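This is the structure I want to talk about, given as structure tokens.
Chain lettering (A, B, C, D, E and F) follows the sequence in which the chains are written, and residue indices restart at 1 in each chain.
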Amino acid sequence: MKDLIDDVFVAAFDNSDLAPMEDQARLDLGMLAAAGDRLAFTTDAVVVDPLFFPGGDIGKLAVCGTINDLAVGGAIPLYLSCAAIIEEGTSVELLRKVAQSMAHSAQLAGVRIVTGDTKVVPRGACDKLFITASGLGVIPKGVQLNAHAARPGDVVLVNGLLGEHGAAILAARGEMALDCTIESDCAPLHELVAALLARAPGVRCLRDATRGGIATVLNEIAQASHVGIEIDEAQCPMREQVRGFCEILGLDPLYLANEGKLVAIVAPEDADAALTALQAHPLGAEARIVGRVTELEPGRVVMRTLLGGHRIVDMLVGEQLPRIC
Amino acid sequence: MKDLIDDVFVAAFDNSDLAPMEDQARLDLGMLAAAGDRLAFTTDAVVVDPLFFPGGDIGKLAVCGTINDLAVGGAIPLYLSCAAIIEEGTSVELLRKVAQSMAHSAQLAGVRIVTGDTKVVPRGACDKLFITASGLGVIPKGVQLNAHAARPGDVVLVNGLLGEHGAAILAARGEMALDCTIESDCAPLHELVAALLARAPGVRCLRDATRGGIATVLNEIAQASHVGIEIDEAQCPMREQVRGFCEILGLDPLYLANEGKLVAIVAPEDADAALTALQAHPLGAEARIVGRVTELEPGRVVMRTLLGGHRIVDMLVGEQLPRIC
Amino acid sequence: MCLGIPGRIVRIDDVDRKLATVDVAGVKRQINIACIVNEAHPVEHCVGAWVLVHVGFAMARIDEREAALTLQILQELGEAQAELEAIASSPGSSP
Amino acid sequence: MCLGIPGRIVRIDDVDRKLATVDVAGVKRQINIACIVNEAHPVEHCVGAWVLVHVGFAMARIDEREAALTLQILQELGEAQAELEAIASSPGSSP
Amino acid sequence: MKYVDEFRDRDKAAALATEIEKLACSIEGGSTPIHIMEVCGGHTHSIFRYGVEELLPARIELIHGPGCPVCVLPMGRVDDCVAIAEQPNVIFTTFGDAMRVPGSRKSLMQARAEGADVRMVYSPMDALALARAHPDREVVFFGLGFETTMPATALTILQADREAIDNFTVFCNHITIIPTIKAILDSPDVRIDAFLGPGHVSMVIGSAPYDFIARHYRRPLVIAGFEPLDVLQSIWMVLKQIKEGRCEIENQYARVAAAGGNVAALQAIARVYELRPFFEWRGLGSIDHSGVRLRPEYARFDAERRYAIPNARIADPKACQCGEVLKGVLKPWQCKVFGTSCTPQTPAGALMVSSEGACAAYYQYSSAKQRTGARG
Amino acid sequence: MKYVDEFRDRDKAAALATEIEKLACSIEGGSTPIHIMEVCGGHTHSIFRYGVEELLPARIELIHGPGCPVCVLPMGRVDDCVAIAEQPNVIFTTFGDAMRVPGSRKSLMQARAEGADVRMVYSPMDALALARAHPDREVVFFGLGFETTMPATALTILQADREAIDNFTVFCNHITIIPTIKAILDSPDVRIDAFLGPGHVSMVIGSAPYDFIARHYRRPLVIAGFEPLDVLQSIWMVLKQIKEGRCEIENQYARVAAAGGNVAALQAIARVYELRPFFEWRGLGSIDHSGVRLRPEYARFDAERRYAIPNARIADPKACQCGEVLKGVLKPWQCKVFGTSCTPQTPAGALMVSSEGACAAYYQYSSAKQRTGARG
């Protein structure tokens, strides 16, 4: 079983840098240093339920999520690791599909999965499959993106429709018996980021708006930069079905996870260039300026509501639950 | 809950390279390139049950295991990531203990935990806690250790008593109600490796003998190098309690996991130097030459038995089960 | 309390058990329509009806005329104000 | 079949249920000693006894004298051979 | 979204705000505050979610009423839920709202983390479906809510009865708002000039049950919808009544709430429930005839009869001032523990638990200015 | 380890090997093979684990007998185990040995992977302890083994009886080796000159039950211990008998196996079990009086009576030649499927499952030379 499973992943990831006979991948440092002056290193544990959902699966999610955590640091993503924890009795067919999805996603994104691990745990000791992917990338010289770099006057952009991953996952679980065609937005954002940075050097900070949605990311930036952020509800792009989904369950779409959306904080003089750059890329077609950085109430995110009033967009306490009141 | 848990890990790992506000650690490539010409990258998912056992815990195990996978490639381990998957309801106190153990182990070993992730899954969706650690290290120029480099005539060394981690874990589970004082040998081997490589340039290959024990590692080397390997049962160092434990349950100690033991394949002219170097280090005091590489039956590991006969030491099929016949 | 959302009935699923599928902005869900059917409005004729959905039950039909009336009042308020403002800001008016 | 391992009883845990702790190379486990006790060998006097343990039960006492006899035969065989070899390889012997 | 988006319009809101401002200025009494209680938590939620208060003149003060069934749930009842959920063979089903409400020892969320099988459902029908799907388990539905939700639970019980499903029960905590409004109006320190009436309750019960408010207590009431323009328009209608010296029951939400309510729903309520002699409200104490239970004919669907529940009366925490806030005597931020020992992460009072709770809403949606109490 | 290490000595083994070589040369018949069957899987294991055959002269051929209770377990019995283990409330306990034995659909290991609660125990007492600890579950112990193990199961049942534990049963598959040795000796193609007797069986039953082998079948038998020197010494003793024309039951393992066996153990066996009229052995077919079951007095501890088990007779796979290997007619590597469709990963026959199975032992421990059949 174990050997079979190792084979499934090794076979799917097969590439010249993956050395299944060694305990570690060995990557040329000269080549890395030529590409930039800093190595970016990140890790994400992916525990999505269900494993397959409209728009993706756990494998694609692991690859894209890790690429995105590199990309939002301005890094060119290059190498991934993949550690799979597998429940005894999980079908090899399922694992093969996930491994192939990872390999496919990595290939499309131009990154290589160079090291890995698989562990099988007894039935009931995990829920089918968890994947932890770590990533390495190189940050080109001069690129400086920091959560603490937002300044009053900066504009806040997103690259497209919000909340789709979170809504797709909730719908796919089927617990609320809602039927929709919402798909996860799961996608690798590094090319979009590269295009953005090339045209808008005034980008101060990027962050992929995953768990906790843009509300959480904006709060993190506001706190790290000691600035206020004000967004305009009317400018937050959202698919009609996502809005309907949230209305039915009483959820706030600002807190729904995205897996192909980033928040960009851009110096005012580069705002238009940034918007143009984003909109020129397929993953940024629906990009929008959603708000701006302010001097008011540092650390706090405020939203101008549809009605013209304001409300605070706080950090999420626990996970959002569907409600009826 | 989630925030609390993030805090537990971030607080424990606190160091200058850990930037909890960013999605990725950023490491100076110039510094890395100065230390060597290749970057080593590895990952291990750690799913040990129980989480705390004599000689260690899941946190120490994750740190040491990842360091060792770097060290056996000849790399100087530098940076780790830590991704924790946590079952809802797991006590924060337990998590704090594990995080502190990781931080402590990393500090002792001189490596830094620079990025991480935590995910909480519903009750029953995982068994308390899994940790995946990835590691980065630099391989100094000129160091060439390869599983395919073993040559007939080379000697096979181990750095100490075998089978202790596997036996300690089985005993700690308590299912067989055996009472012993066996402790896991869990330890970081990078300093031992550095000492060995400094004194014995003829080291061809190193491998930490974790899951599947030295039997598995020797088979992997024999296959990768297309050589035979013969070990001598009488030379395999083992604690008396480990032998007794294995006799009671009908287990073969060669297949028991180690977490602080490596197998070294060394050119014959450097055998003595290697043994001396290992024995001079506290983690190698019980080091021994246990066998040699042969031309016979390439890909196969044979053991001269205590009795003077021979038997094949094959790859393990599945996990070892206790037996009564 | 009592989150309610307007939706349109798009299919009858079970006449006896009074189950129908409602559409809210493209999201569909099966709901119970027992409270909005009667002899004047048999189950079979509900497709197309706009209803207020609460916890999986249609609790009211939405009265299009009443909705339009409400909006009309708001509209007129707005227009009245716009006129006033227009007058207030017209060059000939006193400051 | 029937993995058996010699161990030494180091503690009596329960006289009525005939439970004792056995030590095998420092590893301890509670076993049932019902099969090796009788009037001549009451439970209380079993500490120190060497027994053959199988699936958690002491199935026999190990007879030290018999063990010594067996080893003695092997020892003598070895010595006899050593002598023969010594003679065979002694300088004065024929090749 | 039809019937939704039209009622969230920024321009119309601005126009309404101007009218309200004019009206408020024109009402005699100078700058004396006009206190309007929105009875219903749904209105509270809408007010905060859309920042409605910002559009109102300083003279208008909204008082956030007791109309959130989660907020008024006493701790002892949560303990009862936990006790049922922790029975070995039970699947305990609830609306997500109740998951985080603190009991005296733990919430349902914590019980689930410790191993209880607690599941969130969107509809009582989904709980019944679970019972069908797991005939070997006992499925309990936590019936929670005002008259709006009562019919759904009742119709589900009637369906279970028709199908003779014997592993489904309801832990009935449905409550009725009228006696509580009356109790508030009877309390000596009450400061309420007018009401926004709960539109979705009226959708079921119609408008007649409020008549006494206008007739005996001489307070205007406008049955209000839940979109922000509904709320603004209802405030405007209330002010017109005040200005004109009227005390009437008016209906802003006529597109949904008919004057007579919903006959089928009322029939289901009448068939399945009977009034309890009294029911305990968090922060407000025991109120006569304010809750319902299953009629004896449906006893076999009654979780209170099937399970031994502690049914203990747990006093509200000493520091908790939810009662005063509910009555409009205190503003949330005036509570001694607001924002210190009582936060959404560690709610001391129920008003901090649900996003409809006035305290949670202030904490989450209001600006720091409001929090410190320096409100215009 | 006392009583262990002394019997694994390399020098003494060399001396014994020399004596054996000499003896084998001196026995008349030139190079005709001398076939010695070690009845017991424990001996087979020891022979392979220590490479004993390498120390033996070419003339001596060891035949690996049927003495592994796991190897001779028919597929139908594994199916029965799986069927019991898959009952909703059952904890099925077994020695680790039985986990991987293939049934017709799946092994216990696979059943566990699919959700059955299957647990490995070291002792039947541990299974009884599980029953005490989980009074709400039904604990079934898979009783497997020859006379050596029978007393342990019997004493455990007697203990359960004393404690009136009612959630503990035994699925009794204990078997007895004597009728099987007789069956092998009666088969026309048998080629066995002498036996190594199972030392741990004799520890329980003594030596008398083997008398017929010497008396009626005129084959020498030496009761042998399990350390490699025990095995070598026993071979040497067997050869001496052959050389001297004796056919006797001798005891090399006197330190453990007394001539009269173990009285207390025999009493427990007699009290709890009765002979079955016949029992199915994998590869050997049905053999009269070769298995035991619980006496009616202990029926309440009998899993066969408590659970509806399929009890189907599943034919051995067609290609499987385990029977011939067990009788000594074929060497393992001469089986048509050895190493191809039958490997430890995908065992076709039972002899490939347990590490005591002759085929698994050859596959795992023998050199490639032996595998191809080119044996000296």
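Please note the rule applied: a residue touches a chain if its C-beta (ideal position, glycine included) is under 8 Å from a C-beta of that chain, and two chains touch if they have at least 3 such contacts.
By chain, with names taken from UniProt: A, B = Hydrogenase expression/formation protein HypE; C, D = HypC/HybG/HupF family hydrogenase formation chaperone; E, F = Hydrogenase maturation factor.
These numbers come from a predicted model, not from an experiment.
Hop distance check: chain C to chain D, minimum number of steps through touching chains?
The distance in steps between these two chains is 3.
Looking at the contacts, which chains touch chain C and chain F (Hydrogenase maturation factor) alike?
Common neighbours, chain C/chain F (Hydrogenase maturation factor): A.
Could the interface between the copies chain A and chain B be described as same, meaning over half of its residue numbers are common to both, or is it different?
Over half of the interface numbering overlaps between copies: same.
Compare the CA centroid of chain E (Hydrogenase maturation factor) with every other chain's and tell me the farthest one.
Checked the centroid distances; the maximum from chain E (Hydrogenase maturation factor) is D.
Using mean C-alpha positions as chain centres, tell me how far chain A is from chain C in Å, no decimals.
37
Averaged over CA atoms, how far is the centre of chain B from the centre of chain C? Could you give it in whole Å?
65
How many angstrom between the C-alpha centroids of chain E (Hydrogenase maturation factor) and chain B?
58
Where in chain E (Hydrogenase maturation factor) do residues touch two or more of the other chains?
In chain E (Hydrogenase maturation factor), the residues touching two or more other chains are 1, 4, 9, 41-42, 68-70, 95, 122, 126, 145, 149, 229, 356.
Mark out which residues of chain B touch at least two other chains, giving numbers and ranges.
Each of 124, 176-178, 240, 243-244, 247-248, 250, 318, 323-325 in chain B touches at least two other chains.
Which chain C residues sit where two or more other chains touch them?
Correct list: 1-3, 5, 24-25, 29, 54-55.
Would you mind giving me the full set of chain pairs in touch?
A-B, A-C, A-E, A-F, B-D, B-E, B-F, C-E, D-F
In their shared complex, at which residues does chain A touch chain F (Hydrogenase maturation factor)?
88-89, 122-124
In the complex of these two chains, what residues of chain E (Hydrogenase maturation factor) are touching chain C?
Per the stated touch rule, the residues are 1-4, 6-7, 9, 11-12, 15-16, 18-19, 40-42, 67-70, 95, 122-126, 145-146, 148-149, 151-152, 155, 159, 198, 200-201, 203-204, 226, 229-230, 233, 252, 254-258, 262-265, 268, 356.
Can you tell me which positions in chain D touch chain B when the two form their complex?
Chain D residues touching chain B: 1-3, 5, 21, 24-30, 53-55.
Mind pulling up the chain E (Hydrogenase maturation factor) residues that touch chain A in the complex?
These residues of chain E (Hydrogenase maturation factor) touch chain A: 1, 4, 8-10, 13-14, 41-42, 45, 48-55, 68-70, 95-97, 99-100, 109, 119-122, 126, 145, 149, 228-229, 344-345, 354-356, 363-368.
Quick one: in the complex, what on chain F (Hydrogenase maturation factor) touches chain A?
Result: residues 112-115 of chain F (Hydrogenase maturation factor) touch chain A.
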